[in-house]
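First chain A sits with chain B, and in the next complex the same chain sits with chain C.
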Partner chain A sequence: MLRQSLRSVFTLTLICFMIGGLFALYLRYAPSSQSQTNALSQRMDNLVSTINNLEQEIAAYEGIVQTSRDELAGLENQAQTEWLRKLQEELHGAKLRAGLTPVTGPGIVITLDDNVVGQKADPNGDPNAYIIHYEDLLAIVSELKTGGAEAIAINEQRLITTSELRCVGNVILVNTTRIAPPFVIHAIGDPSILADMVTYGRLDPLITEGFPVSVSEDQALILPAYKGELQFKYTTFS
Partner chain B sequence: MKTHRKTLAFSCAMIIMGMLLSVQYQSTNTAERELYQQRPENLIAMIRNLTDKRSKLSLEMADLSNQLADRRNAFEDQTLVAKSIEQELSKLEIVNGSRAVRGRGLEVTFLSTSMVQYSDLITLVNELWASGAEAVSVSGVRIISSSYIYYRPADGGLEITVSNQPITWPLKILAIGDSNNLEKGLTLPGGFIDMMAFNKIYPTLRQKEALELPAVNLSQRFDYLKEYVAAENTAAQTGTTAAQGS
Partner chain C sequence: MWWLVPILALFLGILAGQHAGIQVPAEMVKYLSIAILAALDSVMGGVRSLLERTFNSTIMLSGFFANALLAALLAYMGDRLGVDLYYAAVFVFGVRLFDNLSKIRHFIINFFRNRKIRRASDWDGSPAVKGSAPSREEVL
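Showing the complex of A and B:
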C-alpha cells in the first residue's frame, strides 16, 4: 500500500515537472508572438516572415532551374548532325568551366567553426573576436584560388565567377544564400599545395586564437553544381 | 481502477512531452532566431537582395523553358536547336570570360602613389560582385572564377599580381553592371571607400557608359577536376570525358 502511493506520488511529481517545464518554455518563447505586440516586434515578425517566404520561393525556383538544366543535359546526346553535336560539346565544356555541373577530383576539406569555448571563457570580451567573419572565408577562398583550386564550394554553395561573399549583420551569405557555422569548404586541386596555402595563410592566426579548424586531404571530393541564375542585363559582346 | 489511473497519468505525461518537444523545436529553429537578432535595416537589405535574386531566377526559368521547347523540336528544326544552344553558350561565355565584353558600369582608379594592398583588391572585386557586377577586370585582366590576386617580390619591394600578371599604374578596375548600384555598393557607410579612406587611400569612382573588358588570355584547363556523373549513368560519363578533352 505504501509502496503504491509512493509510486503514484512519483508519477505525479513527474507530470508536474513536465507541466512546469512546458510552462517555462511557453513563458520564454510565446510572448514574442503574443504579448509583445508593440510596433517594433510586429515589424520584425513581418521582416522575418518575408525573408522566410522569399527563401522558400528561391529554393523552389532553384529546384525548377536544376530540373530544367538536367532535362536539357539529357537532350544533349540526341544531336543528329555533326555540326550540332560539335556545338553541344562546346556547350558542355563551357558548363563544366562555369561551374554548372557537379564535379569530382582530389583536394582538401576545411572545416572551421566559431570559437565557442573561447567565448565562454571570456564572457565579458568582444563576442566578435570569437566568430568566423566573411572576411576570413574570403581570405581562405582567395588563398585556395592562388593555390590553383579548380573548384570551390562553401557549405554546398558552389562558387562561380560572379559569386560573392558578404555579411548582413552577422549573417554570412554566399550566392545570396545564408550559410551558418560550422563552415565546410571543399576545394579541388593539388591537395598538398592547397593545404599549405591555407595552413600558412589565414588558418594560422585562427588556429593560434583557438578556433576549431581542421584541414584534411581527400582523393575523391564531390562538389555540387551552381544552382542559381545566370542573368546578364548590361553586358554585350564587343 | 488503479491501472486505469496510471494509464491516464502516463498518457498525460506523454502528451505533455510531445507538446514540449514540439514547442522546443519551433522556438529554437536557429535559422529563424538568427534573423531575429539582426537589426531591421539589415533584414531590409537582405529582402532587397533576395527579391532581386528571385526575379533573376524567374527569368532564368523562362530562359530554360524556352530552350527546352526549342530543343524538343530537334527532329523538326535543327536551326532552332542551334539558336537555343548559342543563347545558353553566350551566357556561359560571359561567366567564363572567353569573349571580350562591353557595357555600362563603374571604373575604379588608384594612382601609383596609393598604398593599395593586394587584399584591398580582393575585397573590392568581391564588393563589385556583391553589388551586381556582371563582368570585372583588374588592370586589364578579366576576372573569372579561377583568377587570383596575389603579390610577389619586385625591385626590393612587392608588386601586386592578377593571375600572375603584374598590375600597371594607374590601376584601373572595371565592372560592367548597373553603375549606380555598383557605386552605392562601394560608398556605403563603413564600406570599401570608407575603409580605404581610413588607410589614406582615395580611389576615384567614375560611372561610364561604355566599358570594354578583354577576354581571359588563357583558357581554363583542368588537371584535377572531372565532371561528376552519378554511378548508374556511366554511358554519359564516357561521353563527357571525350567532350572535356576537346
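Showing the complex of A and C:
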C-alpha cells in the first residue's frame, strides 16, 4: 500500500512538474500571442520602439556634439595674441552665420496650431483642411527669409543652411527631428517687416480659415544653436 | 502532507519552463494551450483516482501524454480541415475537468464529515479506548 501510494505521488509529481513547465512556456508567449492576431500592429509597435530608441540615440549624440563644441570653444578662447584674436572674431562671425551658436536679438514669434475647433464643428469634413501642413511652415519660413530674417527656429529647431522641412506621413520633420503642433516659429530680424511679411502672406488665409494663429514682436528673442553636426564632404572653395 | 510535493513540483516546473531556452512558435501556442488543458484534466483525474484508491501509474502517465498530444493534434487537424475541433476538445476536457473537480470536492467533504462522526463516537465511549488519555480509574 505504501509503495503504491509512493509511486502514485511520484507520478503526480512528475506530471505536475511537466504541466508547470508547459504553462510557463505558454505564459512566456502569452503577452505577444494576443497581438499576434494583429501582425500589423505588432510591426507598428516594433517600428515605434525602433524610432524611440533611435531618437534617444540622437539625443545622446547631440549631447556629445555639444560637449565637444564647448571644449573647442574653451580652447579657442585661450588665444591671447592679436593675430589669434582676429582669427577668433572671424570664427565667431562664421559660426553666427552658420547657426552653430545660440543667438539673441529682436524679432517675432509666430504660433500656429491645428484648427481643432473647426474640425469639431465639421466632423464629416476633410480633416486635412483643419491641420497645419508642412507647406504652410515652408511658406512662412520663405517669407521670413524674404523679409530679412537672420535666424529662424521652429519648435526650438534652428534652421541652418542644410536644414530640411519635410512631411513624413502625419508628422513634420525639421533637422530630421519630429515636430508637432502647436508650432512656434522664432525669427530674428526687423520685427515690423517680418510681422508684415507673414501676416499679409501665408498667415492671411490661415487666419481667414479660423486657425489659431498669433504673431508677437519681441525685443530679445533667444534662439538655440543647431544641434546636429555640420560637415562638408564634397564642397570646397572654387 | 504528501500533496505538497506535487504542488512544489508545479512551481518548480514553472521555474524550469521560464528558464528553459525553448521558444514556442507563434502558431503552436494555440495547441499548447489545449495540451495544457488536457494535461490539467489528466491531473484532476489522477487526484480523483488517488482519493478513490483506483490509481494506476501506467494509466495515469499514458493518459497524460496521450490526451495532451491527441488534443493538440486534433486541434491542429481541425485547423487544417477548416473544422474547429479546438472547441470540441475545449468542451470535452472542460466538462471532464469540472466533473473531476466536483468528485474530488465531494470526496473531501465526505472525508471530513466521516472523521467528525468518528471523533464524536470516540468522545461518546465512556472509558478511554485509545489509552492516551488517562482513564477515570487512574485519575482517582
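Some notes on this structure:
Basically, the second predicted complex is superposed on the first by the 198 of 238 C-alpha atoms of A that agree within 3 Å, B and C clash if a C-alpha of one lies under 4 Å from a C-alpha of the other, contacts with A are read in each partner's own complex, and residues count from 1 in each chain.
Here, a residue touches a chain if its C-beta (ideal position, glycine included) is under 8 Å from a C-beta of that chain, and two chains touch if they have at least 3 such contacts.
From a predicted model like this one, the values you see are computed outputs, not experimental measurements.
Comparing chain C and chain B on the residues of chain A they touch gives the larger count to B.
Contacts of A:I58 after superposition: chain B is touched, whereas chain C is not reached. Of the two partner chains placed by the overlay, chain B and chain C both lie in contact with A:T11.
With both structures placed on the common chain, the touch criterion links A:K233 to chain B but leaves chain C unconnected. When the two complexes are laid over each other on chain A, chain A has residues 4, 8, 11-12, 14-15, 18-19, 21-22, 25-26, 28-29, 32 in contact with both chain B and chain C. Residues of chain C that touch chain A in their complex: 2, 5-7, 9-18, 20, 22-24, 26, 29, 32-33, 35-36, 39-40, 42-43, 46-47, 50, 55, 57, 60-61, 64, 68. Per the touch definition, chain A reaches chain B in the complex via residues 4, 8, 11-12, 14-15, 18-19, 21-22, 25-26, 28-29, 32, 40, 43-44, 47-48, 50-52, 54-55, 57-58, 61-62, 64-65, 68-69, 71-72, 75, 77-81, 83-84, 87-107, 135, 138-139, 142, 145-146, 148-151, 159-166, 168-171, 173, 176, 178, 180, 188-190, 222-223, 228-238. Residue ranges on chain B touching chain A, taken from their complex, read 2, 5-6, 9-10, 12-13, 16-17, 19-20, 23-24, 26-27, 30-32, 34-40, 42-47, 49-54, 56-61, 64-65, 67-68, 71-72, 74-75, 78, 81-82, 85-86, 88-105, 119, 122-123, 126-127, 129-130, 133-135, 143-150, 176-178, 212, 220, 222-228, 236, 239-240, 242-244, 246. On the chain A side of its complex with chain C, the touching residues are 4-5, 7-30, 32-33, 36.
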